[in-house]
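To keep things simple, chains are lettered A, B, C, D, E and F as they appear, and every chain counts its residues starting from 1.
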Amino acid sequence: MDAIYLLFILMLSIFLGFEIISKVPATLHTPLMSGANAISGITLVGAVTSAGAELGGTATFLGALAVIFATVNVVGGYMVTDRMLGMFRKKPAGAAK
Amino acid sequence: MINVVYVIAAALFIFGLKMLGSPDSAKRGNLLSSVGMLIAVLATLFDQQILSYTWIVVCVIIGSGIGAYAARTVQMTGMPEMVALFNGSGGIASLLVGWAALYHADISAFVAFTVLLSIVIGGVTFTGSLIAWGKLSEKMPSKAIVFNSQRLVNGALIAAILILGIMFCNNPSVSSPVLILIILLSLAFGIMAVIPIGGADMPVVISLLNSYSGLAACAAGFAIDNNILIVAGALVGSAGIILTNIMCKAMNRSLGHVLFSGFSAVKQSTKVIEGEVKPISVDDAYLILEAAGNVMFVPGYGMAVAQAQHAVRELGELLEKNGCEVSYAIHPVAGRMPGHMNVLLAEANVSYDQLIEMDDANPRMDMVDVAIVIGANDVVNPAANEDDTSPIYGMPVIEVPRARTVFVLKRSMAAGFSGVDNPLFFGENTRMIFGDAKATITGLVAEFKG
Amino acid sequence: MLIGVPKEKYAGELRCPLIPQSIKRMCAAGAKVTVEKGLGSHSGYADAEYSDAGATVSDDHDAIIANSDMLLRLRKPELDDVKNFKKGCIHVSYLDPFNERELVDALAKQGVSAISMEMIPRTTRAQKMDALSSQANLAGYVMVILAAHKLNKILPMMMTPAGTISPARVFVIGAGVAGLQAIATAKRLGARVEAFDTRAVVAEQVQSLGAKFVEIDLGETGQTKDGYAMALTEEQVALQKEGQKKVIAQSDIVITTAQLFGRKAPVIVTKDMIEAMQPGSVVVDMAVGSGGNVEGSKPGKTVKVKGVSIIGVDNLPAEVCRNASEMYSSNLFNLVDEFWDKEGDDGFVLNREDDIIQGCLITHDGAVVNEQIKNHYENQG
Amino acid sequence: MINVVYVIAAALFIFGLKMLGSPDSAKRGNLLSSVGMLIAVLATLFDQQILSYTWIVVCVIIGSGIGAYAARTVQMTGMPEMVALFNGSGGIASLLVGWAALYHADISAFVAFTVLLSIVIGGVTFTGSLIAWGKLSEKMPSKAIVFNSQRLVNGALIAAILILGIMFCNNPSVSSPVLILIILLSLAFGIMAVIPIGGADMPVVISLLNSYSGLAACAAGFAIDNNILIVAGALVGSAGIILTNIMCKAMNRSLGHVLFSGFSAVKQSTKVIEGEVKPISVDDAYLILEAAGNVMFVPGYGMAVAQAQHAVRELGELLEKNGCEVSYAIHPVAGRMPGHMNVLLAEANVSYDQLIEMDDANPRMDMVDVAIVIGANDVVNPAANEDDTSPIYGMPVIEVPRARTVFVLKRSMAAGFSGVDNPLFFGENTRMIFGDAKATITGLVAEFKG
Amino acid sequence: MDAIYLLFILMLSIFLGFEIISKVPATLHTPLMSGANAISGITLVGAVTSAGAELGGTATFLGALAVIFATVNVVGGYMVTDRMLGMFRKKPAGAAK
Amino acid sequence: MLIGVPKEKYAGELRCPLIPQSIKRMCAAGAKVTVEKGLGSHSGYADAEYSDAGATVSDDHDAIIANSDMLLRLRKPELDDVKNFKKGCIHVSYLDPFNERELVDALAKQGVSAISMEMIPRTTRAQKMDALSSQANLAGYVMVILAAHKLNKILPMMMTPAGTISPARVFVIGAGVAGLQAIATAKRLGARVEAFDTRAVVAEQVQSLGAKFVEIDLGETGQTKDGYAMALTEEQVALQKEGQKKVIAQSDIVITTAQLFGRKAPVIVTKDMIEAMQPGSVVVDMAVGSGGNVEGSKPGKTVKVKGVSIIGVDNLPAEVCRNASEMYSSNLFNLVDEFWDKEGDDGFVLNREDDIIQGCLITHDGAVVNEQIKNHYENQG
């Protein structure tokens, strides 16, 4: 039964994903990509769970590794995106002249 | 309780992504989704039956440290490769999570399957991203690396992964060597998939891998049935595909080509045969123009016939608003009477200063990103320079082929006044936009405004 | 009410004050109209058309002016006609009252109620009777055509197999009704148009026609409530000359429309400026009739100075007499119609309360009644 | 198994709705969603542990019969009220389902709550729709029925429903009279909510109720936890709100006003005080134009200042493409020189045949849906006719107030050349679109194309 | 736990609902409305379940009633929509001239 | 190589064959240029400018024609100059070879290689030397200006407080280079423009300028490979007349540009058509020089028929001599430059293979070499 709910959620999320990204100005391609990438770092949550749930050495170790990588992705991703957008801020002013 | 937080987080991600799509809300969007991430993680930490914090905290600190440092220090030019790296670490993380999930007590075939998915996709993403990073940062030759048996190798890899996968699902176990094999193969495949793609395409590849890593996370979500992973993963996955598609078009490459370059690469590299007409849709044309920094219009008799001058002027204005340099190159014999183009453009209020004569236009051509040929034909016919058998041989023409991309707006492949065929239409960097010039231009204008 | 329309005697006046269409409407309103023979011949209106419209065509000039209760015409009456006017009759025409004191006094003496078309106030409501505007408008168009015809170049830009012809430069000084129309016409022909006017408000109007307004800072300048420009101070004139010299030097066509109603037109384009222009260039002086904005311009003549032609046509609207007559005619009709007694049959009622009448009625009951004019005469002493 | 079918059905609904939004795909969209419905129902019939088919089959047949008959026989003009009826039956259905759900063994407070939701919303939808139908089909006075104590009554109703609701949730039982009371009250509320709304607003009301019925279905879904009901219900619910909003704008009413008309009606009916300026956004203006069949442009000096003539011509062309009649009414003194508008419009290639003089324009005015006043002021100033103290009194003007709606495009409330204030701006049917005329028009053009 | 899944589904569906309806030409307002309305007839599924699941007379009766009404909504809704769109088919041709 | 440029003797010819800019470029290419005194005076080019450009200015006409290896000029040479030409010299100018047999034979006899500017082929490549086009183009503009100047109406539409002036109607017959430019100019001025041409292909070109093409079905008509029109059959001419009569009657301005290269122009607008027009209307006949498209048109004159003015200016481009000279000059330069020996210093090389030379070279080595002309003469017998 759970699987079904998950399926529903999956289906709806995919549709949403398609719907929300429509026309994106070229200047935003990279930031958007990296922003999305940061979100995909959500595995962090999974990692934390596995790392936390004492399943014996290896598992915990794997989880711990996962946590590191995931965090890099999340933190790095958001910060880099922010920087990009920050510098992009000024540009339109220049562009619009 | 925690799940409610997840719901909220998911909502934040959705808003975040949407806002990231438009310049003035992008920064806030990014913030929003980061908040979503934060609360999701915190909730997990506190609520889930976490037994040992120590590790986690340590790891989180290390990870944040690395991430923050990298993000800070990288200079603007290095951003794309940095994203590639982050993306890679995301991929490997999913792989590990999936792997770890196997240590749970009971593993149904379904779970095993989802675990495999997260492992394979995660692995591909990981190595793929690394290669992409290597190519972008010139750590390795950025040109497409191609060898003949490539398609074979790739085929083999996929087959192997499939077979092993099925084997594994039948009796899933952490210890089975099959698992290790699969992991290795996926990593290998990631490499194979990306090396044959040229450095120019890397941004597209990264965006694609990014969408993969989303799917990996999604799969991992199924593995440890955690719905926030599924929602976020699926969102990124699908959004990523769309974005990739948009980017492809902006660089006018086909997504299919990038997706399967691994297989078709060899063929592709020799595919650039002369004599092939490449039509393009208005939407795609828009994406290219939107990214262009210097556009040159080359009007001809067709613009007059279509009475497109007003639309053209408007497109010009929009391009300039978009921070693009716009000029109109007028060939002396364009049209059907001397000064034909002048009459029309003056009527449409194109300022005289934007009009440039052929002799001034040609030297500038190399700086032009897109040359838009509007119902002109003879006056842009390279044959006039190259083919001395052509009746118009010796007539100086506007040398549009030297622009980065050339759009030719006309209704058919028909010849112009002089009845001479035009090799331009078959040019490598030429894209034909068939149809009445006015309709086409108006369409482009719409894209810019809508 | 008997309305008489005498033929214009003035040489070279091709316009006619009333066209058949207007007369038809007047008759419909209950007026009895008599027109002099050959009234519209120059503008292509045959006598037959007038009689079809309901007018009586007579060749007896004296009878017409002697019997009509109301006389409608274009130019000011001949002085020796005035004594034949019927006492108390209403006479509508251009009068140039500021300069025609003798004539005005005569009209007053004769007890004629003389309405001066120049004096119709420049209010939104009165625009339909505003002959100055309607004629100035056509003049604006004509000036450009004359200049284009005279110039040894073409106005538009042309990129041709035999090289590129750059657009001609046109400079319009004074952007009133005529000036604006000149700008519009020159723009239409594809010229690069620049314009200047002492009234800063006009800058926007000039740009609204796609032309460039030449910024010359003259400090404080003003305009009267009717939208007329005020005279400039010494140094302002100097400043303006300085600022314009450069523009004029590089212009192929210079058009001046700077009039100061009732007063002598200011000299704006001086000899040295003209000599700085390319030989073959053209200057058109609209104000030539009232003294001229251009040094050396002669009414009705085209003089050449160092290869530059100075066109001084003093009756510009007559060049397009057909339309000019139409316009003036409906100005007249609108005026008559505005004050025509729709209920009863008193015909044209001089409503002394009405601000339009107050503005344009010069003489009445044997006296000069118009404030502006009275002051003007008194100042002359 | 069945749930997979539900997932598919849901997907079909989503596609269906999306396609319904654009003319050329609408028919297919409707088909698609109907297929979704079909498979969903069939799956339910076969899979669920249905014990007695007889009833169901009979009912289905009856229902289909009625539905089909009604749908067939109604003539085009009657469609909206028919939709209202269908919508009503949807609402009552949800009510009944919710009610029936109470007969299940165990009822948590949560379930009870959702049941109540479905009952209340369903009830309101039902009676509301009936009233709407009555008004549209003139079965009852279509004018707004208003009495003073209305707001009181409505307030009381809501309060009562809330209190009873809480009571019920505390000890939910099928037999409790509270339930019956709640049902009756919701039915009553449905009536009260709609009667104060005028017939003109009915389409909006129906669309709103339609969105309600979606929510009702959604609530019912929670009650019998059935996810297809939730998905479909929620979809219709949210989509309905958006649609309602769009419709409101097209008829230029505010959604808030329609939503709470029941309360504000009395106030509203007297709200139309002279002297109130109603600005409107470009998007909203678009929706009105999009629905217009006859548009008259009235250009003035402002169009010249903004150099908007080209944009105007383009908007005109788009309107014509949209099946709308377009004309340009030129006032003799518009602009700053005689023929000012002619120069500009000729330059923009507006055909001479579309230009009409003031004297021809005024008689036509009553047929005009939207009169677009572009930077004109004095020439459309009603004071010239009405107020004999005004300096422009007596000047004939273009009588735009007689058009159904008037858009006035200008940058501020400033007066025109003659410096006279313009009562037009405060007119009942006048909407001000502030900003540079060219920007505004270009915006509208974009809306039409995008 | 179920409730949570349902909540997710609800959230996503609502988002989707908002996303998929953007600009709708006036001519389509009524059809779209009635099409959506037909979908809301999905209660039919619920009705069938209740009517089928022998919960005793009243419940079944209510269910049965619900089935009738719901079917009216569904069948009528879809058919009417189809008719509207059918006649609308021709119009653009006329409009486009 | 010695290039000589004698002054134009023809009365009323204000254009000059070469302007200083072109001469400068020729000299840069290594030519020695001698120009006759006062060459460009009419078009506003002083002798000083020529000498600055590198030319020798001489007032010895005979010396120039006697010594130059190449003579560049506008109009055909005077017959009695020919015998003084240096043997084997290249002479470039208008020649009108179809009608100037005597002159051509003389040139041949003298052993001159005569190039006729009219005979430059109408190929895309040759357009930059195509003087017919460059001059016809200006003529098109001039005709409209002349007509607008003559007409007693304005061209554009104007809705004014004094009523609405409806746009003038312009009918252009023959939409070649000149016709199209005329259409464009009239459109610019805001007139309602209609046009007709026997070559159906032109319809699209007319519409491409926003004007209306009058459909008259003449059945089969043709155009030569160079884009010239073929002569019409009897009944075709009749059909055309019929079809045009209506349009002409309601036109304020009629412009005819129908020329048949080398042959007498067809009479298209007949007396009865003109009489059907409104008095005050204007007809411009571009073909007046080659017989005239309009019945009763006189070269260099403006005749009035029933109040309709028929303008017959035979040298239209001269009205804008400044630009006309520029255009013709760069046509000449482009011709010379095209065949100039860039490597060695043989100067202008007569490449008999080249299709342009083949088209425009009339006489060479003492004989008439041009096929078309030869055939023409033989047919004359």
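Rule of thumb we're sticking to: contacts are C-beta pairs under 8 Å (C-beta built on N, C-alpha and C of every residue); 3 or more make two chains touch, one makes a residue touch a chain.
Every value quoted in this text rests on a predicted model; they were computed, and no experiment measured them.
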Legend entry - Topological distance between subunit D and subunit E, in contact steps: 1
Inset, instruction - Provide the labels of all chains in contact with subunit B and in contact with subunit D. - result: A, C, E, F
Legend entry - Relative to subunit D, chain with the most remote C-alpha centre: F
Inset, instruction - Since subunit A and subunit E are copies that touch, just let me know if over half of their interface numbering is common to both, same, or not, different. - result: same
Inset, instruction - Return the chain pair with more inter-chain C-beta contacts, choosing between D-F and A-D. - result: D-F
Legend entry - Distance from the mean Cα position of subunit C to that of subunit B, given in whole angstrom: 67
Inset, instruction - Give, as an integer number of Å, the spacing between the C-alpha centres of subunit D and subunit C. - result: 57
Legend entry - Between subunit C and subunit E, centroid-to-centroid distance (C-alpha), Å: 73
Inset, instruction - Report, in whole Å, the distance between the mean C-alpha point of subunit E and the mean C-alpha point of subunit F. - result: 76
Legend entry - Where subunit A touches two or more other chains, by residue: 2, 5-6, 8-9, 12-13, 15-16, 20
Inset, instruction - For subunit F, jot down the residues that touch at least 2 other chains. - result: 127-128, 133-134, 137, 156, 158, 160-163, 165, 188, 190, 210
Inset, instruction - Pull out every residue in subunit B that's touching 2 or more other chains. - result: 14, 227, 231, 307, 332-333, 338-339, 343, 347, 349, 447, 450
Inset, instruction - Quick one: label the inter-chain contact graph as line, ring, star, complete or other. - result: other
Legend entry - Chains grouped in pairs wherever the two touch, ordered by label: A-B, A-D, A-E, B-C, B-D, B-E, B-F, C-D, C-F, D-E, D-F
Legend entry - Touching residues (chain side subunit E, partner subunit B) in the complex: 1, 4-5, 7-8, 11-12, 15
Legend entry - subunit F residues within the subunit B interface of the complex: 123-125, 127-128, 133-134, 137, 140, 177, 180-181, 184, 187-188, 204-205, 207-210
Legend entry - Interfacial residue positions of subunit E with respect to subunit A in the complex: 2, 5-6, 8-9, 12-13, 15-16, 19-20
Inset, instruction - Give every residue of subunit F touching subunit D within the complex, in rising order. - result: 156-165, 167, 190, 192, 210
Inset, instruction - Over in the complex, which subunit D residues touch subunit F? Could you list them? - result: 330-333, 338-339, 341-343, 346, 349, 352, 355, 357
